[in-house]
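Before anything else, here is the set of structures, which you'll find just below.
Presented sequentially are two complexes of chain A, the first with chain B as partner and the second with chain C.
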Partner chain A sequence: MKRALVIMVVWALFASAGILLRNNYLVSVATSAAFLAVWGQSWNVLGGLSGNISLGHSMFVAVPAYVTILLFQRADVSPLLGALLGIAAAVALAAVIGAATLRLTGPYFSLATLAAGAVVLSLILHYDELTSGPSGIPISFAHDAPEKLEFTNVRAYYLIAITLLAAVTIFLDMIKRSRLGYYIASIKSSEAAAAAAGVRVAWVKVLAFCLSAALTALGGVFYVFFIGFADPNFLAGLALSVKIALIAVVGGTGFLIGPIIGAVFYETIDAVANAYFGAAGGWDVMILGLSVVAIVMTDPRGLCFMAERLWQAIPFRPKVNISARGV
Partner chain B sequence: MTALLALGGVAKSFGAVQSLVDVTFAIEDHGIVGLIGPNGAGKSTLINVLTGVYAPNSGTVYFAGRDIAALSTADRARIGLVRTFQRPHPILDLTCIEGVMVGGLCRGLSQAEARSEAHEKLELLGLANVADYSPRKLPTGHLKLLDFLRVLMLRPRLVLLDELMAGLSHNELEVVQGVIEQLAQTGITFLVVEHLMGVIRRLSRHLVVMDAGQIVTEGEPTTVIHDPRVVAAYLGDDVESGSGDGASHA
Partner chain C sequence: MNAINVLAQAVVNGLLIGGVYALVAVGLNLMFGVMKLVNFAHGEFLMMGMYVAVALAGLALPASFIGIYWVAVPAMLIMAVVGACFYLLLLDRAAKFGESPQILLTIGLSIGGQGLAQVLRGSDFKLVPNPINGAALHLGSIYFQVGPAISFIVAIAVTIVMAWILRSTRFGKSARAVAESVETAEMLGIDARRVYMITTAIAIGLVGLAGALVIPYHFTFPNVGQNFVVVAFLAIVIAGLGSVIGAVFGGLLLGVMQSLTAAYLDIDLSTAAIYVLFLAVLLLRPQGLFSRGQRTL
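Let's look at the complex of A and B:
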């Protein structure tokens, strides 16, 4: 519970900072970072805890986002109800893919999820009568309408994003300490040993996949209203899937704050590179790529582990346990 | 009395290699049964078939009077048929005690119950001092004992020990053998697969010998060990040219 309290205090600090900050651009960069961190955290339920690296997680962003928007625009279903249906759709998708890829581990599982993500993108592009295909779906509004998730001030989305982030982080911490968390951890080390101890491996893996999808979807439905445009190549694209996995790994999967650090790192470099060089030259991608290579070469376990090592190298450090690692 | 475990004509092959040719034997309730045989005799394959890791090509496996062919490894463990591995399988992201708790959680205990029972078990093997450490830096012997404790948490009826004792220190060996004897008294049955003949001699009241995927002989240990067929299995039919691979351990 101590951790939950710390998380809430940090949340309050960031909330006030966001409200006081006058620069809209910075707030929207922070909002993007927070959504990315939510997805990284959600990805961690599967990737970090069970060691199954998914490279198709953007489908759990795209599917609920499209379900919510389409129900809203075509059938006048409230986005709040639509969001629930969208999340349910993401979970159903995860259950099907999970059940089909159960026996796969390591790179084979990653390839399977990558292929599944590509199929979802193709379907969205192909059924353009329903989804508007590659041109995407704009969400336009001029007034605040909370029940439709429509806010004219970007700070509303910022608050939503950091609230989701705090909630997902607390939830992840709870999972780690739960019965399910122990089962997932045992599967990560050895599926054979987990089964030998009575863990129903297949069931636990599918459950972890579905949980991960549900949390990712939760971020997805709010994100698309923040951006105000459903762009299939972004929402369902491979780039987003890789980004989600990347920030979690770069941050450090063993740490509760790993994906948050990873997301802030990513968005900061992205924003700075765009500001100095402009997005057109591809400098942002190059700088990011080089930083990731540098991090992985220094310590493949990620930024949090590097910070921990640096901290332990200080000779007269105060005796504070900075490790947020949930063993 | 029906046997706790009964195998009838179990066969398993991998491509052209027939690991188990025709294995038929039974283990009675209570006691410690030894299983020996030279490398490649099929002992580990047998354990994998018994625990549902491999499906046999033919034959039947009955546990406590029930055909368990359709049960998964986890479900077999939950009804009391458990195993340990030759190489340790630590749960790296959990502390030692949490790794042991997993077996108890699968038995349906709450976390608090599992933790206190796991603590008792760790104390039994003198491992209470590492309870809250990560298993990452522990020696192999400790890790094997943690694996053993994890499955004991399921309150098993039959424990298949696949070379549990190889690689343990002298002290650990003494403690574990004592614990196994003590548990056998309480009604848990053990099938002990070992190359360490000292362990086999001390623990087993009944000894089964495998070679080339078949049961060669079984019976009272001292008689069995001196059986000419067993000597032949270990040293080869022609003692002069035998490889002696298993014999070096024996």
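Let's look at the complex of A and C:
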């Protein structure tokens, strides 16, 4: 409860900072970071807690986004209702893929999710009569229309993103402490031991995968309206899947704040590299990739553990529990 | 052209494309078999091998057959040294980190490598002018593209040599022992880290050779590795992780699958088709088509 309160206070601080900040570019960078953190947090439900690294999570961004937009543009279904259908579609997809891959662990699971993501992308590209294929779908609007998720001021999306982030973070905190959370975490050390202790491993894995997909989808629906363009190669691409997994693990999977730190780290490097070297030179990608290598080589558990070790090295530190490590 | 010809041509094209996949997959599977590591940066080592080969080819006049293919051996050796450094600098330390950090490490290296190539060499597509590109032989009514055919022949030769190395040499026997059980192998006096280093050097050397063989007919650019390595990943899982000969069959099978889908359905679906085959194999035979129980290599 105390933790939820802290999260809400931090949310209020960031909300007012975002409203007061005059620079639209910075707000939109912060919005991207918040969406990325939502996905990293959602990815953690399976990847962080159970150690099964999914490299196909972008399909849970793309599928609900496409369902929502297509229902809206082709059938005039309100995006709010469309979002629910989109999330349902993502959960159904996760259930099918989860059921198919539940026997797999380690690199097999990662490669299977990678393959599933690639199938989704190539289907979106192939059925171009429905999805407009590689050219994508623009979402253009000139006026605010909250019931259609259309806002002309980027701050509206910023508020949506950080609200989602706060909600998902509180939800993840609750899951970690719940019976299901302990079941998922028990898979991490040994599936056989978990099964022997009475955990229905297959069922728990599929459930965690579906839950993770639903939360990712929630972010995906709002994200596509924020970006204003459904680009299949971005939304369903391997790069986004990798990015989601990367920020979660780089932040530190044991920490509630891990994906947030990872997302801020990623977007900061991205923005700084683009500002100094321009977006086309490959500098951003190079710095990001090599800093991931450097982080893993320094402490494979991620940035939060590095910060914790630094903190513990301070001789007269005040006694505060900063870790919030949970399971 | 009649139906048989279309089919035969598609199968031949597929086999020839599959040769490169096989060459990439052999090293990938060798590393997985011996070191239990999926090298997500393998495609970037292929890309690096291609850039090395392009740079070497630029030194001499590449306008002849010899002029473009002499780079294969030096490129392979340079990449083998790069592979040994890759092991000594990163993998040696990462070995004790466990699965997830290793996946993360090689993914980071993959992304960073693509960025590095773009920073150093620019993102334009490079192709060395040479007589191989576009050249074809025809036997009856079936065309054999010369470049892919040479890659295919080399892939088969490399597989035979690798099978011999693993079966008969001292290193091969050590590698098989380490693959079976590191603890037992070390108790018997095998230096596992030395085996790991040589394994990485061979794997990266082979991908360097693959790079040199594709530059006559394939553009070189920073993200080129992804075009080959994703299929190679699928090939090794389909074949059975760890099986070197299986990796070659997996690579060829996927090449043919891709080519048949492109010929009969739609070129857009050729990628989806191999993924669907991959998922089907995972479901029905998770240990892979060519893997017998627990035996590896």
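In the analysis below, the second predicted complex is superposed on the first by the 327 of 327 C-alpha atoms of A that agree within 3 Å, B and C clash if a C-alpha of one lies under 4 Å from a C-alpha of the other, contacts with A are read in each partner's own complex, and residues count from 1 in each chain.
Rule of thumb we're sticking to: contacts are C-beta pairs under 8 Å (C-beta built on N, C-alpha and C of every residue); 3 or more make two chains touch, one makes a residue touch a chain.
Everything numeric in this text was worked out from a predicted model, so none of it was measured.
Enquirer: Which partner does A:Leu290 reach: the first (chain B), the second (chain C), both, or neither?
Expert: second
Enquirer: Going by the contact rule set out at the top, does A:Ser190 touch chain B (first), chain C (second), both, or neither?
Expert: The answer is first: A:Ser190 touches chain B but not chain C.
Enquirer: Could you say whether A:Ala116 touches chain B, chain C, both of them, or neither, answering first, second, both or neither?
Expert: second
Enquirer: Examine A:Gly198 and indicate which partner it touches, taking first as chain B and second as chain C; both and neither are also allowed.
Expert: In the superposed model, A:Gly198 contacts chain B only, not chain C.
Enquirer: Where does A:Lys2 make contact in the superposed view: on chain B (first), on chain C (second), on both, or on neither?
Expert: A:Lys2: touches no partner chain.
Enquirer: Mind telling me which of the two, chain B or chain C, contacts the most residues of chain A?
Expert: Looking at chain A, the partner in contact with more of its residues is C.
Enquirer: On the A-aligned overlay, A:Gly106 touches which partner chain: chain B = first, chain C = second, or both, or neither?
Expert: Second partner only, chain C.
Enquirer: Please give the residue numbers of chain C that touch chain A in the complex, ascending.
Expert: 32, 38, 90, 93-94, 97-101, 103-105, 107-119, 123, 222, 226, 230, 233-234, 237, 241, 266, 268-269, 271-272, 275-276, 278-279, 282-283, 286
Enquirer: In the complex formed with chain B, which residues of chain A make contact?
Expert: Going by the criterion above, the answer is residues 49, 179, 182-183, 185-186, 188-190, 192-202, 254, 327.
Enquirer: Quick one: in the complex, what on chain A touches chain C?
Expert: Its residues touching chain C are 51, 53, 100-101, 103-104, 106-108, 110-112, 114-116, 118-119, 122-123, 125-126, 238, 242, 245-246, 249-250, 253, 280-293, 295-297, 300-301.
Enquirer: Spell out the residues on chain B that touch chain A in their complex, using ranges where they run on.
Expert: The touching residues are 51, 53, 72-75, 77-78, 82-85, 89-95, 98-99, 101-103, 105-107, 111, 134, 147, 150-151, 153-154.
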